[in-house]
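Read from first to last, the chains carry the letters A, B, C and D; within each, the first residue is number 1.
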Amino acid sequence: MRVCGWTASVAGMVACFALGWTLSGRSVQGGDEPGQPAVKGWTKGKGWGPWGAADEVGSLNAMTPETIKAALGLVKQGKVYDLGVPYDAESFRWPGHNPGVILTYRGPEGVRRQGDFPAAKDPKVNPDKVAWHSCALFLNDNVGTQIDSLGHITAGDDNQWYNGFKEADWGGNFGIRKCDATTIPPIITRGVLLDVAAMRKVDALPSHYRITVADLQACLQRQKTTLRPGDTVMIRTGVLRYWGKNGSDHDKIRQHDSAGIDLAAAKWLVEQKGAILIGSDTSGLEHAPAPKEPQTFIPVHRYLLVQQGVHIGEFHYLEDLARDGVSEFCYVCMTNKIRGTTAGFTLRPIALR
Amino acid sequence: MRVCGWTASVAGMVACFALGWTLSGRSVQGGDEPGQPAVKGWTKGKGWGPWGAADEVGSLNAMTPETIKAALGLVKQGKVYDLGVPYDAESFRWPGHNPGVILTYRGPEGVRRQGDFPAAKDPKVNPDKVAWHSCALFLNDNVGTQIDSLGHITAGDDNQWYNGFKEADWGGNFGIRKCDATTIPPIITRGVLLDVAAMRKVDALPSHYRITVADLQACLQRQKTTLRPGDTVMIRTGVLRYWGKNGSDHDKIRQHDSAGIDLAAAKWLVEQKGAILIGSDTSGLEHAPAPKEPQTFIPVHRYLLVQQGVHIGEFHYLEDLARDGVSEFCYVCMTNKIRGTTAGFTLRPIALR
Amino acid sequence: MRVCGWTASVAGMVACFALGWTLSGRSVQGGDEPGQPAVKGWTKGKGWGPWGAADEVGSLNAMTPETIKAALGLVKQGKVYDLGVPYDAESFRWPGHNPGVILTYRGPEGVRRQGDFPAAKDPKVNPDKVAWHSCALFLNDNVGTQIDSLGHITAGDDNQWYNGFKEADWGGNFGIRKCDATTIPPIITRGVLLDVAAMRKVDALPSHYRITVADLQACLQRQKTTLRPGDTVMIRTGVLRYWGKNGSDHDKIRQHDSAGIDLAAAKWLVEQKGAILIGSDTSGLEHAPAPKEPQTFIPVHRYLLVQQGVHIGEFHYLEDLARDGVSEFCYVCMTNKIRGTTAGFTLRPIALR
Amino acid sequence: MRVCGWTASVAGMVACFALGWTLSGRSVQGGDEPGQPAVKGWTKGKGWGPWGAADEVGSLNAMTPETIKAALGLVKQGKVYDLGVPYDAESFRWPGHNPGVILTYRGPEGVRRQGDFPAAKDPKVNPDKVAWHSCALFLNDNVGTQIDSLGHITAGDDNQWYNGFKEADWGGNFGIRKCDATTIPPIITRGVLLDVAAMRKVDALPSHYRITVADLQACLQRQKTTLRPGDTVMIRTGVLRYWGKNGSDHDKIRQHDSAGIDLAAAKWLVEQKGAILIGSDTSGLEHAPAPKEPQTFIPVHRYLLVQQGVHIGEFHYLEDLARDGVSEFCYVCMTNKIRGTTAGFTLRPIALR
């Protein structure tokens, strides 16, 4: 089975890249609007890459000082939108991920009672009775607001992920050893909100709603905005209006969480529009269950992460942007830096305008 | 015992604030250089606050759309410095925090062998044999690159933290219920690096080196830069040149990790210079062990977090900034959003220039 | 509030103990049948203790080489009944306890891929490719088959547990520091099964069934057995017929798990019959919810653990004993030896006959 | 590679078993002393098994009601020796196992402050202010006093463990799915202490001391005892005299922990003497590092667990037995019953005499 089309078609791509990315380090292909800047590594009709046999970064390689400056240049008001949802042990998560517990590890009473830190109890050293709190956390790395790493999804008999990294070579007991979350660079791009819930005039899309290319085009038209190669695209279903303080209403969230884009929409966003990162306010971006025709139960994840090297954003809180009618913003997100992890988790990305 | 000077001296401050912060929402006190903007909530000679009885945010309340725009305006090149250190089970941490383990929770082989997710094994549903990786994490919330929350440190018989929140009221089994890491807003400020190691002409400051006001003034002079109220100040000791890929050389890191500022330096940064956030490349910012005169073993932590509401940054990787001779930058950091946690951890703050 | 009647009434008890336990180390009080041996520390009509100000063991102090030999003397066939239920991440547990996860920590593929143990990969050192499995466990200490320690339950403003140990003195961040599970000695006693489900002619007692003294007396009569001071009493509701391989049918188990003894039955077992340990096949021994009259929601726990120093057995698998019509056996149980834990958990007690 | 000689040689063994185990359920082979009982499944010169293609129990299959009654018949005094060491976060463990943490999950103050269990705070429902302690545990399943399961060790390209179970078939993300600790039956056998430290007249054997067949024979002679087929053999090095309350003196324990038996001694115990279980007071039973000739770094583990189906006991506290000069006793051990685990851990086996 072929999991990574890019690797497989390297020979065939030499021609088209010969005048572009391969020689100059930049694609000669621009977006579909006049005046759009060419974006490194992206070819209209093809998508992203290849970036070389050692690459673990994927489409985020296309960020350059110029694109970062341009994205920051969108900030006119200095207004910050926090796109992260608060997470705790009660929060909704995909049931295939382990539960999470946040525990007081040390507290001031415990420190003094336990007596294992003598300075804390010594009235000469610590007359002001200073002590501390810390927590021990048992977590899954796919919870709360997330960015999936390119090693999250595998395919094929040899369990390959992005760029042909195989389980037998790069798996392990302590997480993945290629494309873990530490390889996700700080992300600063233009961001565009596509508010499908508003376009459909609903609070939140119904269960299993399949967001198509036509839906996305209708959003662009309604919002009078356009996509440009290199954009982060955030797709709003409205589900997170039910998150509340900690996402504890599992039934309500689960009901709406299955809305999402289909494979054709993902391909259109990447191959026609040059999306560098695609996210939504659901736990999995794609609609579920997947239709019969794809070759797997999570075709969008496989296409974006394994085949295109496009990271996926999940559980992004888009309600405030929607309320303010924001279509275009500067998206900034930095993931945790934990070796082996398969996603940035419990994140707090921001939208700046 | 008096833990929170601000609360205690509210009466006495009415006079000085009557013409300033209390009436206008902004301090009339500016920095010590002509032309510096006044900064909300800061009074020269006093420091930060008060921000009201319900406040959990402290000095970061002073960020406004204007200060954020000004900070982003410092970005001229679009160059990004990643200030986070990669963390794993081998990494150095303060021994009073629990060990961390990053474990493969699901992997493609395990998913198929375990058989608990039938779709993954079904050749009709999943002919392409798509599967996934995820990790289970057992962590402490004070590891890797951190921002201490205002609830990290307590003092006094009733274990008060910032703004008078008491253990008996706001403690709990699942972390703290006031001033947890979810209350730390996205941080975007002007940042200034004070490179004490370079000023002292050493690779890294020696063990227990006490950084004084004079050291900080010498850095400003050497670097030809100034501090302004509202700045994030990052103090470099050089210890993280020994972090490597995962901070596994505990002996070397421990040797240098005890260098840091003394209480007088912390006070000078806050009360004379208006620092909104103070960080360094060590695990604890302040020099250790503390001298005899303070009333506790961690006087800088107590002063900044409990008394001034100034968050502390730890284990910030400043080597690249130092190598490039960067003194001034735009500092951006967003912490995890986990309820109850006492710090943002394994962070990836950035410096933009 | 008075939590520990024994401590409070020491003065008044001096008289009755003066000729008995205090002087001789053994109670002069025997059971209610002629010829029953006197049992150390038990007084008919009163129950167990006191055992001294430092005691953490409670009624299990009454075990002596003689009682142990007598209990082992009940074994005639050499037949072993395993009273433990298999536990995993799917198993039913009281929802107030944290979830459990059993994870492969090391496996042979992971050891070789990870490469952190060079000998495992070295064909000269390890030509036979030997490797290992181990697991990391995240567990609660009140799951599976359990014996509650005497520190599990507290009462009163000062949170006292057995023998007057107080939270302010003996609590801590790392579990309890008095009466933890390490203080539970190996338990070897006569055991008696009281099969209430069989007596009521049901597969399992219905929800909230309140087992009374009359029920227990009816069991004794039906089974033609008697209780003797120093016995372990196991009360069968039948709920564990629904445990299956791992207790994953939460709805079914929860439905029946609320049957149990009331406070009067607990008192009768201890004060009239001299039970040294009382257990059942449910998660909590006592019926739930408790009736209005007691002073708390778990009066049996409080009475047995705090006031009488009688350990509680939970989730003991009694189905095989019931099937074979066993009333009397030798009960043997050794708990885990983990400092700070509040119960022996995931145990495998045995009944020998 | 051939990992399981027994499976391979089934054909050749049919003859010798035809008159013995296969037909009668008992081996006709007895021990080497006149009058010794024949033991099921053991052949002098060969060792244990085979027990059938589905077997997960190994040599412990040889326990029968008769052997259990005989073992219990050794108890003359009713004296109990606790062979478990107390374990906590500070305790020595093999560094290849994950660290352990014991944390207060709920405590009475936290339950009330957290407010998530309303009955606990309600003065009408709970006037006596009853609350509870429980702990959350993060542990490895190979710590404290242990019994290794037959799935702990693997060998060969296909990572087989006992009885030919292969990783590709019976591995998984949640521990092993054949021969986990739930398959270890309650163990009740005759036990014999071989006190090598006393024989060598040392407090504890020196580092890397290799215990040979001659050493074991010298112990038998000195102690005037014999081994019989079906015995549990416990070999004392003396290391646990340094365990103290929690095994926190890692340097001292590590220094002595490398003493142990060599492969020839293990073979002699199994093939000539019929040991059903072999244990010691060290973390790994065998001496380390292994000599050059074996085909792996842990030849005794591989031989006993994979090839012979003989469980291994580790960190058994033998000091009290040694002090009392006990050579023969009844050994009783029941492991935790957690599905997937590779060992019984933090156990409290007992010796009865």
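By our rule, a residue touches a chain if its C-beta (ideal position, glycine included) is under 8 Å from a C-beta of that chain, and two chains touch if they have at least 3 such contacts.
From a predicted model like this one, the values you see are computed outputs, not experimental measurements.
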Comparing B-C with B-D, the one with more C-beta contacts is B-D
If you average the CA atoms of chain B and of chain D, how far apart do the two points sit, in angstrom? 48
Quick check: how many Å separate the C-alpha centres of chain C and chain D? 25
Give me the residue numbers in chain A that touch at least two other chains, ranges are fine. 98, 101, 103-107, 109-110, 136, 138, 171-174
How would one label the connectivity among the chains shown: line, ring, star, complete, or other? complete
So in the complex, which bits of chain A are touching chain C? 98-99, 101, 104-107, 109-111, 113-114, 138, 168-174, 177
Footprint of chain C on chain B - complex, ascending: 101, 103-105, 109-110, 136, 138
Touching residues (chain side chain D, partner chain C) in the complex: 1, 3, 64-69, 72, 75, 77-80, 82, 84-89, 96-98, 101-109, 117, 119-120, 125-142, 144-145, 151-157, 159, 161, 167, 171-176, 182, 185-186, 188, 245-246, 295-298, 301-302, 332-343, 345-350, 352
